[in-house]
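Labels for the chains are A, B, C and D, by order of writing; each one numbers its residues from 1.
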Amino acid sequence: MAGSAFGTLFKINTWGESHGKALGVVIDGCPAGLPLCEEDIQIYLDRRKPGQTSIATPRKESDSVEILSGVFEGTTTGTPVSLMVRNTSQKSSDYSEIAACYRPGHADYCYDAKYGFRDYRGGGRSSGRETIGRVAAGAVASKILNTMGITLSAYTKSIGPVSADMSRFDPEAIRTTPTCMPDRIADGKAMEYLKECMMQKDSCGGVIECVIEGVPAGIGDPVFDKLDAELAKAIMSVGAVKAVEIGDGICASQARGTQNNDSFVSREGIVSKKTNHAGGILGGISDGSPIILRAHVKPTPSVFSPQETINTRNENVTIAIKGRHDPVIVPRAVVVVESMAAITILDACMRNMTARLSYLTDFYCK
Amino acid sequence: MAGSAFGTLFKINTWGESHGKALGVVIDGCPAGLPLCEEDIQIYLDRRKPGQTSIATPRKESDSVEILSGVFEGTTTGTPVSLMVRNTSQKSSDYSEIAACYRPGHADYCYDAKYGFRDYRGGGRSSGRETIGRVAAGAVASKILNTMGITLSAYTKSIGPVSADMSRFDPEAIRTTPTCMPDRIADGKAMEYLKECMMQKDSCGGVIECVIEGVPAGIGDPVFDKLDAELAKAIMSVGAVKAVEIGDGICASQARGTQNNDSFVSREGIVSKKTNHAGGILGGISDGSPIILRAHVKPTPSVFSPQETINTRNENVTIAIKGRHDPVIVPRAVVVVESMAAITILDACMRNMTARLSYLTDFYCK
Amino acid sequence: MAGSAFGTLFKINTWGESHGKALGVVIDGCPAGLPLCEEDIQIYLDRRKPGQTSIATPRKESDSVEILSGVFEGTTTGTPVSLMVRNTSQKSSDYSEIAACYRPGHADYCYDAKYGFRDYRGGGRSSGRETIGRVAAGAVASKILNTMGITLSAYTKSIGPVSADMSRFDPEAIRTTPTCMPDRIADGKAMEYLKECMMQKDSCGGVIECVIEGVPAGIGDPVFDKLDAELAKAIMSVGAVKAVEIGDGICASQARGTQNNDSFVSREGIVSKKTNHAGGILGGISDGSPIILRAHVKPTPSVFSPQETINTRNENVTIAIKGRHDPVIVPRAVVVVESMAAITILDACMRNMTARLSYLTDFYCK
Amino acid sequence: MAGSAFGTLFKINTWGESHGKALGVVIDGCPAGLPLCEEDIQIYLDRRKPGQTSIATPRKESDSVEILSGVFEGTTTGTPVSLMVRNTSQKSSDYSEIAACYRPGHADYCYDAKYGFRDYRGGGRSSGRETIGRVAAGAVASKILNTMGITLSAYTKSIGPVSADMSRFDPEAIRTTPTCMPDRIADGKAMEYLKECMMQKDSCGGVIECVIEGVPAGIGDPVFDKLDAELAKAIMSVGAVKAVEIGDGICASQARGTQNNDSFVSREGIVSKKTNHAGGILGGISDGSPIILRAHVKPTPSVFSPQETINTRNENVTIAIKGRHDPVIVPRAVVVVESMAAITILDACMRNMTARLSYLTDFYCK
């Protein structure tokens, strides 16, 4: 069945395959009155573009976005915003082996099991190019959040064994280093490590962290639609993510209550917390502190070393993947994680606007 | 707004507060023809019942479930199954301090920020008692899954620093040890650790693991409704869970591709994987291997040590929580995690039944 | 699959069978801060109660509602409001013939075709008692709408060939006449007609009209979620309704454009329309005029005349229905139509609160 | 908020404005394995194309559809099917007056009230061109239904006072007459009537009927998601539709129970009904008889006679609409009604596949 839609009030529906004609997204529920041009979105798409560094695939993809609907005279109209990126540089001829075999670590086998066959060219819908729609929608969500005083920043926390030292946090480095690390020294070490991986025909994983500031207390809904639950779904839905943490995350499971609890404190009537082990969410609802989450990303499954697997006739074979593949997924996924977080937070903020009867009467009886 | 509903085809809507008249769940979309009696559900509810061991709260709660609709002559009819548990043992008099203060690590402050006030008795809707509806629905989902050859088993993986040794895995221990660990030696150590926590007026966290066997390849939907994304939301929505892992989870982010990839192998035409680092899900779709997930649970926020916080007038105060509180949430949350996994897997299996045109024509043209 | 839930932000999930233990509804998304007591809901339920007049079934049903959750100290908390009515007067012994036969005009055959069997006692889930949940939720929605300045009034427009004369419109008559007509003279004639139907062991249909005043212009969403489309679904979902009209409805299909168009007019800057053929909705969005809709209700299918039909073994048989059945459904459905309209309008008003970016910035940046 | 999505398992999301770059639809949940090419869809789009007869607007629009995703080697893959039609012939210069005024019978005023401004060119999103996405998706749904043995046929039942005589029913006439009537004599009379309307600078309404054959008994869900409720929403959501009838519809409200009830009859074990007043749906679930519905369509609001209205400064003005406008909407809406019915029926059939536990066990345990 379906599966390509996300959100309740700010709803997105992405579409498109790696080697199809185009990829895109329809945003249904974008509020009217937002100034929006293609450049707003292009900036985000360019952050996921390949062909930029020695560790990214040398494909040249322009990935130029076109706004097809929902914007009139430079402003959103409240009707669906349709965004499209034409595919330009795909070479389908590379993929004959993939058609016949199930690559380890890829979804090939699962798609065949589900649908009976698959678009094997470049992974089809399970390709990383699927994220174009997410990022295009994330650019719109981020622009709206910014007008509300909410900002998001995702970056590479670690690559393989190399972690960014947060005491050296340099926000400019996120956009300028090839690893998207906020620490130039760690970036250098990570690049060394990645070269080693490539020489060994191998790949590695890493961690992306996202910090969301300016979210007021009270966002998120009880029970199933907790803000952290929605974020967990949003982030885990990004291909290759295998774990999601909120705040202290896995460390919370080894902590004592007296360590893990964050004390509330009032300074001249302004409420904050002395610490933020909770990562800005308590009981599924934002507490006004920065929201912090981490995505653990597995290594690129396309490695150039020979691998044992089966073909589509269920025969055991050995394959050696060719072509162009990044040794690490993390840097290009940073903007994807940030985009999914933005879409989730915006949707939760919109949903929160009917939480109290007084909100309705203030709106309709003024 | 809303937030208490979960699922697309097997839809549940829970309701009820800790100290209200009752708690319950409506299951909308339960298939007709399932033999179902109250005992089927009671068995699951009893697994989350307090008052059973030295580490659980000494409250006596019968938590007897009543089937109010959707079952006729012992069989589900296809119409909504309404399940209710009356509250019996709540003492509202204990909660005057909570009414006036925001407990660290609890949702008190966030509920007030969202709704303007809250039902402060026992945490209201943010209480652990909210999970009664989840577990009642999980019992129904599990019974259906069992008829389909799918089984789930959740257990305590670790408590504080004490981890179960999986080489000593003893399935009977899960239901009989106070910690729900599958390793009696670790259970003993964990109980020692918990007593120490209690003596220090402190609490601790832990990890729950859930293994789902028998899920055929092909379950889950691409992009946003990936099976792991749905599971991540389901599990993260359980109160106190701060991280969710699938398969190798956080370790995948430090692995190499050649280590993390699982080789497919065919033995007499039967496909399996040599390893299961992926935890049974690739590209968001099940691969036929056991599905493995872990929930990281924070320490019980209600600790008896004095804590700094603020009151509802935003004044700094010190509180010392009284009453009855488990030093660890994990054992009673084991059946909750299992229930949420069951509901998610069943819903995904139901959604999968329209994935191919041939499924429709087989169904309607036979 | 499911089917017992309605609404996007003000979501209801009803449950319960005619002869089960109880019936009820869970409202998920009810705004916090609404004063609510059982009496508020009981008043609405009493409007659909049988046993009140010579044309209604002589069953005595108390239909007392119980608020099980979501209200604390007399005010809604923002969490699910669970409402329940216990069944008290059901006699299951009357229904042996129904178990074996498919009554013409009833859903018996269809439920068996869908589910393989059915709860045959009193129609089970297809009974008119199913509307208890709708009306209970409608009472809550109406109370909220009233605080927003929106009022609803449904009444019987016609019974069989007898129509209310709107020039004699008497709002008090709606609540006091047995037919719920707003015209006492028509009420008298309709009662005569109904007695004639009963003497002839027959039944008849009728028309319910609902007028909604105070809805501001701008409510409803484009394309599929048009306000009239949502109302059409809401009203057609009431059992026995076979047609729904908005404004001039079927007459619009025979009108000329110059007749059917409503001129806008400005009087001292206040916009209105000279006529209201559109029934308050243009392009699916409210225009600020009263919203007018009509539901066409079929005759009670349970007639006491002998009828040809088949039994569950597909054998041709003749049945004569016994028991207690109203000769007309309309009067008891009036409050159901009003309730469904209230739920729909409230949900649309809530959805509208995020239509413009300025609404978000006004809300979050003040 | 949103509003451009429809369906639960076969989900569509349309987008696009009359004078934007393009219009389209994303189908999320289209089953894999359907042979699909652009010609399949083009045939349906051509049925709504203008410029074909004397009563349709003389605009030349090619309305050529492009399949952008979801089809691989001529077959659907199970992933989103994105369909797009580029706008080619729009002249924006015609619309300066519309920008300044609110046309009677149009949504101009309501869009401004909702969003603060509107894309005034050709009605923007409220234009009849919005239906391109519906019809493109309807073509896909119809092709699937046909493989399941379900066929749909919509036609013009009446135009103004001229009704088709069903005793002269000629299925070929539907596709070949300018009115889409199944009766060539009525078609001739209707064309005369339309010329008269045009001469009088006026327009008229009409009725569309749709017959759906081959739907097995058991389709549709109880309570809110009744098959007739879903159809009512689907059809009422088509612009200009002001009433929806199922089966005898409005006539049922004036009938007696003995007249309106359809007797079930068994002939050699095959169940049917002697009559079909119910229009194939009882209690919201299909009964195996043909499903019959009617849409009442208002007159084209764009008439060339002068009309009183207001401008955007709330001043009273008189306007005379220019440009190209059909005197009747009905013929071009026939395929839209058929498409919406197809999408609704297919979705209901897909939802029905999990109604019984035995369906799940048959599917997963074979």
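The criterion applied here is as follows: a contact is a pair of C-beta atoms (placed from the backbone, for glycine too) under 8 Å apart; a residue touches a chain by one contact, two chains touch by 3 or more.
Please read these numbers as outputs of a predicted model, since none were measured by experiment.
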{"item": "Listed pair (B-D, C-D or B-C) duplicating the A-B contact set, over half by residue number", "value": "C-D"}
{"item": "Between A-C and A-D, the pair with more C-beta contacts", "value": "A-D"}
{"item": "Distance between chain centroids, defined by C-alpha means - chain A, chain C (Å)", "value": "44"}
{"item": "Length of the line joining the C-alpha centres of chain C and chain D, rounded to whole Å", "value": "26"}
{"item": "Rounded Å distance between chain A and chain D, as computed from the means of their C-alpha atoms", "value": "38"}
{"item": "For chain C, residues contacting two or more additional chains", "value": "1-5, 9, 14, 29, 32-33, 78-79, 114-116, 125, 216, 222, 350-351, 354-356, 358"}
{"item": "Residue ranges of chain D in contact with chain C within the complex", "value": "1-6, 14, 102, 104-107, 109-111, 113-116, 125-126, 130, 158, 160-161, 197, 202-207, 216-226, 228-237, 239, 242-250, 252-266, 269, 271, 274, 278-279, 282-288, 296-303, 305, 307-310, 314-316, 351-352, 354-356, 358"}
{"item": "Residue numbers on chain C that touch chain A, as the complex places them", "value": "8-9, 29, 31-34, 76, 78-79, 144, 147-149, 216, 222, 349-351, 353-361, 363-365"}
{"item": "Of all residues in chain A, those that touch chain D in their complex", "value": "1-5, 9, 11, 13-17, 20-24, 26, 28-29, 32-33, 66-70, 72, 75, 77-82, 84, 114-119, 121, 124-125, 350"}
